[in-house]
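Two complexes are shown next, each including subunit A; its partner changes from subunit B in the first to subunit C in the second.
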Partner chain A sequence: MSPRHISAALLDDDEDFPMVGVAAPDLNFGVDHPPETLLQQLVRHWLNERHAPDILPVQAEVLGALLDHIRRQTDTVQALRGDPDTSEAEHARIMLVQTEVERVKFVVRSYIRTRLYKALQIEKFARYIVATSEVQEKLSQAELDHARRFAQLTENHFQASVLQSLPPHQQGLEDNTPFTPPMISGPDKSRAVFVHARDECPPVRLPDGTTMQMQKGQIVLTPYAVVEQLLAMGSVELI
Partner chain B sequence: MALPVSLRNSVTPPELELIASEELVEIIPLISMERTAFISGAYGPLRPPNKAKIPLWMAINLKMKKKCHIVPPNWLSVDFLQDRLALETSRQEFSQFPFRFTEIAKLLLDVAPDDIQNSERIRSLLKDIREVRQAKSREGLQKIDHSELSLPNLCSMEINEIRPFFVRAMGVLTQLTRDPVADSQFDV
Partner chain C sequence: MTSSGSRQFGDLATQLVQESRRSTLTDTLLKYNDSLVRTVIREQRNLEDLINKAIAAQPDDAAFTGDEPALLLYQTAILRNKRCLLAYHAHRIDRLRDMYWALGAALPALLADNNDLRTRLSPHEVDFLREYNASVMDFRGDFSSELDIASSVTHPPRDLHALVRVIRDCGVIQTELGSIDFRKGQRFMVRRADIEHLIVQGYLEEV
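Our next item is the complex of A and B:
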């Protein structure tokens, strides 16, 4: 690719840069949601993941598309920087593109780290993930491998340090004694979350038996279990 | 490599600022730049002295290099904030503000006080508004129960501020009202 050609890649008239809904939210009072860009989608899923007590389905497509975009931008920048003909004005532009790449990388990293933390936390006592196939579907292969290895390590450690010295019937991790909390604990879905309705929502049942129908734009504090389905449908976001 | 402990229960104000910096703001550029493709969209061209709309982070970046003036949003003015403060003190409910106004106002006042008229007065108005709204949040705590609390017009930073206490309060109430029927229903 010639340097001129590379420089053109940063220009918007290139067909290789499909922009999903270029319109970004305004600083005005607009409550309407314009079509989301990939980055806005990732930010929404990142915040959902940060606030939800349970681990959410992995957003592999959004993540993959953004990582590709990061790679393309980085390649273009690299090529332009290596070119001695690059002008002063061009340098300012390159710097802005690089700044954005770093910002996006931060969100990607934080998103992945949040999921990793949850995979391990849920895993810690429980091997909940290995035990529940429904949870397994939400994880990417890498996350699942990581969780499994971690579960194996913890179990070996428990065995070696304590369990092997106990009487045989107390060596298991899964015993369910009545009136005591289970040793395999799942996420606390009754934890309250702040919910923002992105659309009109179908009615949901509240713990006190009444129903709640969220209007678009409404903000509510409610237990996670109440809005779990709505979150999966994308009608609400956690804030 | 998992998430650090300090970030596990809530997002932090700097993270909220990062998110708010994606929103668009108007600038008067002092340099020209071709239309450029960014990950979040295409922005430009910048042609001084024509105004242009770009993301806040980009505006801050250019402003720090003295390459643009930022046009503050219409709500970041003494007149508007004075009206809102009057409204806020006279009524019981929260008045409407842009969802991320605290973050945006802070960033703009930090980076571009010279582009904002009466920035000192705006600072103190924002502080007054914050105090009135904070008092209302605390009163709202009386209405909390174990199932639902509606919080119309609360803003991102305010929610983050009340989050730890409100979430705990609701958790305690949930434990107090927990019964076997609800347990099986909500699969706790």
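Our next item is the complex of A and C:
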């Protein structure tokens, strides 16, 4: 568990703000972050996911906790709405809470959909995922199942529409020919991304051999592969 | 090749790819070009025959080096045609998935009779959509209690409620206020989450 997860777990997850009056022990090992709420964490991962060319590890804990939170909020709202003693002012507040819940759901939905489909797509790389075991660890079980089914589905479709009519020699889906792109497409990690440093970062090596050290708050444009590690550590975010 | 004089290997496959490109540029899905696909596949078989003949024509005693120019040419043409064929089909699938999600993952609405999409698809593509839909439903089921991952992700919600006008009858729908029978021409103030899929599918319109 990373320090971030531990400090996040210390927050009372029924509230959107850190518990007041409880001095959280410094588990950030000198890294100075204001504690993030679950939603802030998800928004950060959501943006990272939308900007990164590669598939990032699934944030199952954040997602699960947030979904629990949504469920509890919805139950409370239902109970209060059904209660005849609820005052007019409280109804107005309930309205705000409901709107907020809808907006949080939007982010959750977009996060899931982004992973599934939009920018880097479990589906787009389905065959790459099925063939690459270290990528599989980054996916949730449901995502992995879907990727497997989808890879099978596209293969069947190609088989039925094209390959079965070709001579036996030409039916493979994994031709490896020099000077042509591979048939299983994976993420392009050399794609440029905008990176915002959340901390003082350890130096990283650029493709030309020089090193770069980012100060806190600095924004740079760099190939994704350069900051891949920093992103996994949470020292940077993509914007 | 022999029948049409100046045509080169791969010309037809290039036409396929151009069709995909046109489809992207005009943001439409063109009709599945069955005859062109078949012609390219026929060209592939011809090329295979040519290769076999070229191999057979080599003297038995000569060591097979594989750098016979004709062989190289045929082989390159085969590989290229194959990639073009696959690219054409992959591109169509991509577009179909876009259309599917744009309608809120509603397969019946996508294949409905009033939508002429179905006439532009090959039977295999219809099968693909059905199975894809089944897979997405499975995935969606994992989240169903809290949220519907198929709803729109283009605009974050601003208000809880929306004023809508009914464009097409869509029958009785369960909402927060109880069940409402939506009839053409009526207006309602309803909870957005309850009817968002109807807006996406074109039954309702926001006023």
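In this section, the second predicted complex is superposed on the first by the 197 of 239 C-alpha atoms of A that agree within 3 Å, B and C clash if a C-alpha of one lies under 4 Å from a C-alpha of the other, contacts with A are read in each partner's own complex, and residues count from 1 in each chain.
Throughout what follows, a residue touches a chain if its C-beta (ideal position, glycine included) is under 8 Å from a C-beta of that chain, and two chains touch if they have at least 3 such contacts.
Keep in mind the model is a prediction, meaning the values are calculated, not measured.
After overlaying the two complexes on the shared chain, residue contacts for A:I219 are found with subunit B alone; subunit C is out of touch. When both complexes are overlaid on chain A, the residue A:R93 reaches subunit B alone and has no touch with subunit C.
Shared-chain residue A:L153: touches subunit C; no touch with subunit B. Comparing subunit B with subunit C, more residues of subunit A are touched by B.
Applying the stated contact rule after C-alpha superposition, one finds that A:S190 touches subunit B and leaves subunit C untouched.
Using the contact criterion defined above for the overlaid structures, shared-chain residue A:L139 touches neither subunit B nor subunit C, since it reaches no partner.
In the superposition on chain A, contact of A:R50 is made with subunit B only, not with subunit C. When the two structures are aligned on the shared chain, A:R71 is found in touch with subunit C, with no touch to subunit B.
In the superposition on chain A, contact is made by A:Q40 with subunit B only, not with subunit C. In the superposition on chain A, A:V162 makes contact with subunit C only, not with subunit B. Shared contact residues on subunit A (touching subunit B in one structure, subunit C in the other): 70, 95, 99, 103, 106-107, 110, 113, 116-117.
Only residues 1-3, 7-8, 10-11, 15, 18-19, 21-25, 31-42, 55, 57-58, 61-62, 67, 73-75, 96, 98, 104, 144-154, 156, 159, 163, 166-167, 170-171, 174, 177-178, 182, 185-188 of subunit B touch subunit A when the two sit together in their complex. Across the interface of their complex, subunit C is touched by residues 67, 70-71, 95, 98-99, 102-103, 105-110, 112-113, 116-118, 123, 142-143, 145-146, 149-150, 153-154, 156-158, 160-162, 165-167, 169-170, 175, 177, 180, 183 of subunit A. By the touch criterion stated above, subunit A contacts subunit B in their complex at residues 9-14, 17, 19, 22-29, 37-40, 43, 47, 50-51, 66, 69-70, 73, 89, 92-93, 95-97, 99-101, 103-104, 106-107, 110, 113-114, 116-117, 120, 188-194, 205-208, 210, 212, 218-223, 225-226, 239. On the subunit C side of its complex with subunit A, the touching residues are 37-38, 41, 44-45, 48, 78-79, 82-83, 85-86, 89-90, 93, 97, 101, 122, 124-125, 127-128, 131-132, 135-136, 138-139, 142-143, 145-149, 151, 153, 156-157, 159-160, 192-193.
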